[in-house]
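The chains carry the letters A, B and C, assigned in the order they are written, with residues numbered from 1 in each.
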Amino acid sequence: MSKLFIFTFLLLSSVFAQGNTLTVGRSKAFNTIQRAVDAANAGDTVLVDYGIYKERNIIIQKSIVLKGIGFPVLDGENRFEIVSISANHATVEGFKMQHSGRSEIRDIGAIMIYNSYKVSAFNNILDDTNFGIYVQNSRNCTIKNNYITSYGKSEVQSGNGINCWKSDSLIIIGNRIKGHRDGIYFEFVTNSLVWRNISTKNIRYGIHFMFSHHDTYIANVFEENESGVAVMYTNHIRMYNNFFINNWGDAAYGILLKDISDSDISGNHFTKNTVALHMEGCSRINLYKNIFSNNGWAVKIQASCDNNDFTKNNFTGNTFDIATNGSLVLNTFNGNYWDKYEGYDLGHDHVGDVPYHPVSMYSMIIESNPAALMLFRSLIVTLLDKSEKILPGITPENLQDKIPLMRRLSL
Amino acid sequence: MIVIDDIIKRFGSLRALSGVSLTFSRGQCVALLGPNGSGKTTLIKSILGMVVPDSGTINFNGQSISDKWAYREKLGYMPQIGRYPENMTITNVINMMKDIRKDHKIKLDEELIESFGLNNMLQKKMRTLSGGTTQKVSASLAFLFNPDVLILDEPTAGLDPLASEVLKQKILKEKQNGKVIIITSHVLSELDDLITEVVYMQEGSLIFHKKLAALKEETGEEKLSNAITKIMKANHHA
Amino acid sequence: MHKIFKYVVLDIVQNKIVLIYTLLLLVISLSIFNLEDNSAKGLVSLLNIILIIIPLICIIFSTIYIYNSSEFIELLVSQPVKRKTIWLSIFAGLSSSLSFAFFVGAGIPILIYHADATGIMMITTGLFLTVVFVSIAMLAASKTRDKAKGIGLSILLWLYFSLIFDALVLFFLFQFQDYPLERIMVFMSFLNPIDLSRIQILLQMDISALMGYTGAVFREFFGTNMGVLISFIGLSCWIVVPLMISLKTFNKKDL
């Protein structure tokens, strides 16, 4: 936090410091943005009046602030990348950028940040852009309060909302992203913060990251993305109080964790997802105080996962609480609340006296035999599940909650 | 009017009718006699179309009845044990039959309903009726549509002597109207004044079909019952 | 035809069992909708009840009714009425009164609490199931002369369609689990009207995503308009075929 504070202070001081102000507009000193930028010196501010500017690619290579008044429109005419920055301490703020170019060879988008340090993008409205904001090989950049909308039709032809590659210490706050391939995409991005973003209706994932260690995700909303959220090959992530909502679809996940380790997942809400949490090859993740409600599968945990711990989570209204594909269980599930638990509490210690087995027989059958979905909600399945509860045969005996809670946790 | 030609009916291994041929004409009142299980009821039901013969034909007014239904407009049937929807009242049943057989050309014959005194109990439900009353309803229904052919299966069984007499008078009256009447009965004594012909069956076969007068003459007996007994004895000794 | 139909309906209406059936459905559906905090969940609970209770009541009530009407049928057969008319009137009478009972007992609550595509699909399949099991009951009753045997056969048929068939499917799935079976499952579901109805209702619900999750075949087939149409043609066959066979038997039956 203190880091952030100092950073903001530095930023403000750079704006209000000695620099000059150059103005762009019909009756102003400059009639194109690029000329003003070229004329500016480090520390200057370029103020742009409202208007529609078609300047192909605006290139910023110095420490200046480029600021729009009343959201002037920068139009990429479906051919160009709109603003390219490779500088330290540069800021782009208050523009509406539309119709960026598209290319199959290279990534083109609205705000492209290359090899920079402490560059910021604030309060911009991006509409119909291929990539929205693109950060490559940069450090300590801030992407804040941008509205990024695209109208992607297929995964192959569309870009990501915020695309970060090989960067460090980024701060992504309060952006709203919609209609891209992936809402937020991280690859080799470390020590970064993703906070209060809303990523919805993207044609693949709400957020997608790989090899991005030591990142923190707080209070983001990932809703109605075609495939939900998928994160892979990463360790030491922290996810707090995020919302994974309404990712319904034939192959949609609230979140898919693949090869994630040494992480902390807490206080998240998983609501109405086909599969709320899918775990594959994950180790040493602590999952606590999460709320899984009204999902198809609350948790699908493959046998390749080990030493993960579920505790103090609420499981309510899910069709299947836990599904797994093997009999080996190396994870623990103690002290959660399960609404399907039918045990009793004679000691009145608010903990059930008999263990709860969260894996139903039918979920095991489907795992090995998907065609058995034809019998979904049939009488035979209900009877099999009941009899399995009494005399476990197929379901893993030691996948159990030894101290199931009698009452829902107030989270 | 009714020509039965060589009909055979089996129920499983049991031969209920084995090649029966008979002819019934207008103005005849036929007693269909024979011990239990001789095939009388099966024969009647075949004429009614309730039982489908395995082979042979039944012609009604020159037309085969197989798969036909309209000929039954000219039939009145009084079953041995009348069974009716339990929840219906007598009126319901009578009205239903009228409704189903609605044919404005036919003048309804409600004489029996009156003479049996059914008018006083029209609102009673069928399940509450005694066997005798149910038989009265069955008889009334059989005569109701003024049919050309009347088939009465044990008509007087269960009727009190008074009602029995009413029915006999009615049968006589209809005989005079030129109708074909087929009666099965165990009580031979009461048939004497009614019938003109006797058909005797045994084990699914026709033993004889004779005019009553001829039968009496042959046996030298005045009473039908005695005549039949004599024939049965003769058969037995032969 | 309509005259006999009228008397059959009158007779059934006087029979208290249909009234009790209507009230039972009404109590079940109202209490489910009132106890569940969200009506979508209520619909899922109702689904199981509809798929089990409706076939059971329809098949058993119809079978018993046909046997109890043997007098009535006998009476009619000796009258100038076509046998076909008698049989189809009984079928129409049973189907319409039981359908009406279902509509009042379950249909109206569904329309009050959940009048969307799912609710309407549930009502439609419920009505179809009602008629299908009346038709199957007529087949069972026409084939057996003995009342006890007939009712036994009906219960067995119900058990077959609601449990045994699915158990066999499960067995089949385990025997051949190395093969892609989804297409075969689509075909199999047509062999059981209850399965067919259940799948149609589930596909209208949110949880249909679960069915598509492991393989899209179900949704690709049943989810399209063509699939829905073919399913209902399948259900119609389940009405027509047993009815026609029973009619053929009844035409030749000795009473």
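Assume a contact is a pair of C-beta atoms (placed from the backbone, for glycine too) under 8 Å apart; a residue touches a chain by one contact, two chains touch by 3 or more.
Computed from a predicted structure; not experimentally measured.
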From chain C, the most remote chain by mean C-alpha position: A
Top-ranked pair of chains - ranking by C-beta pairs in contact: A-C
Centrality ranking, top chain (CA atoms only): C
Centroid distance [mean C-alpha coordinates] between chain C and chain A, Å: 47
Chain A-chain B separation of Cα centroids, rounded to whole Å: 91
Chain B-chain C separation of Cα centroids, rounded to whole Å: 43
Residues of chain C touching chain A in the complex: 41, 44, 47-48, 51-52, 162-163, 166-167, 169-170, 173-174, 177, 180-182, 184-186, 188-189, 194-195, 198-199, 202, 206-207, 209-216, 218-219
Chain B contact footprint on chain C (complex, rising order): 3-4, 7, 11, 14-15, 69-72, 74-83, 252-255
Complex contact set, residues of chain A against chain C: 248-252, 272, 274-275, 296-297, 317, 319, 365-366, 368-383
Chain B to chain C touching residues, read off their complex: 11, 45, 48-52, 69-73, 75, 77, 79, 83-85, 87-88, 96-97, 99-101
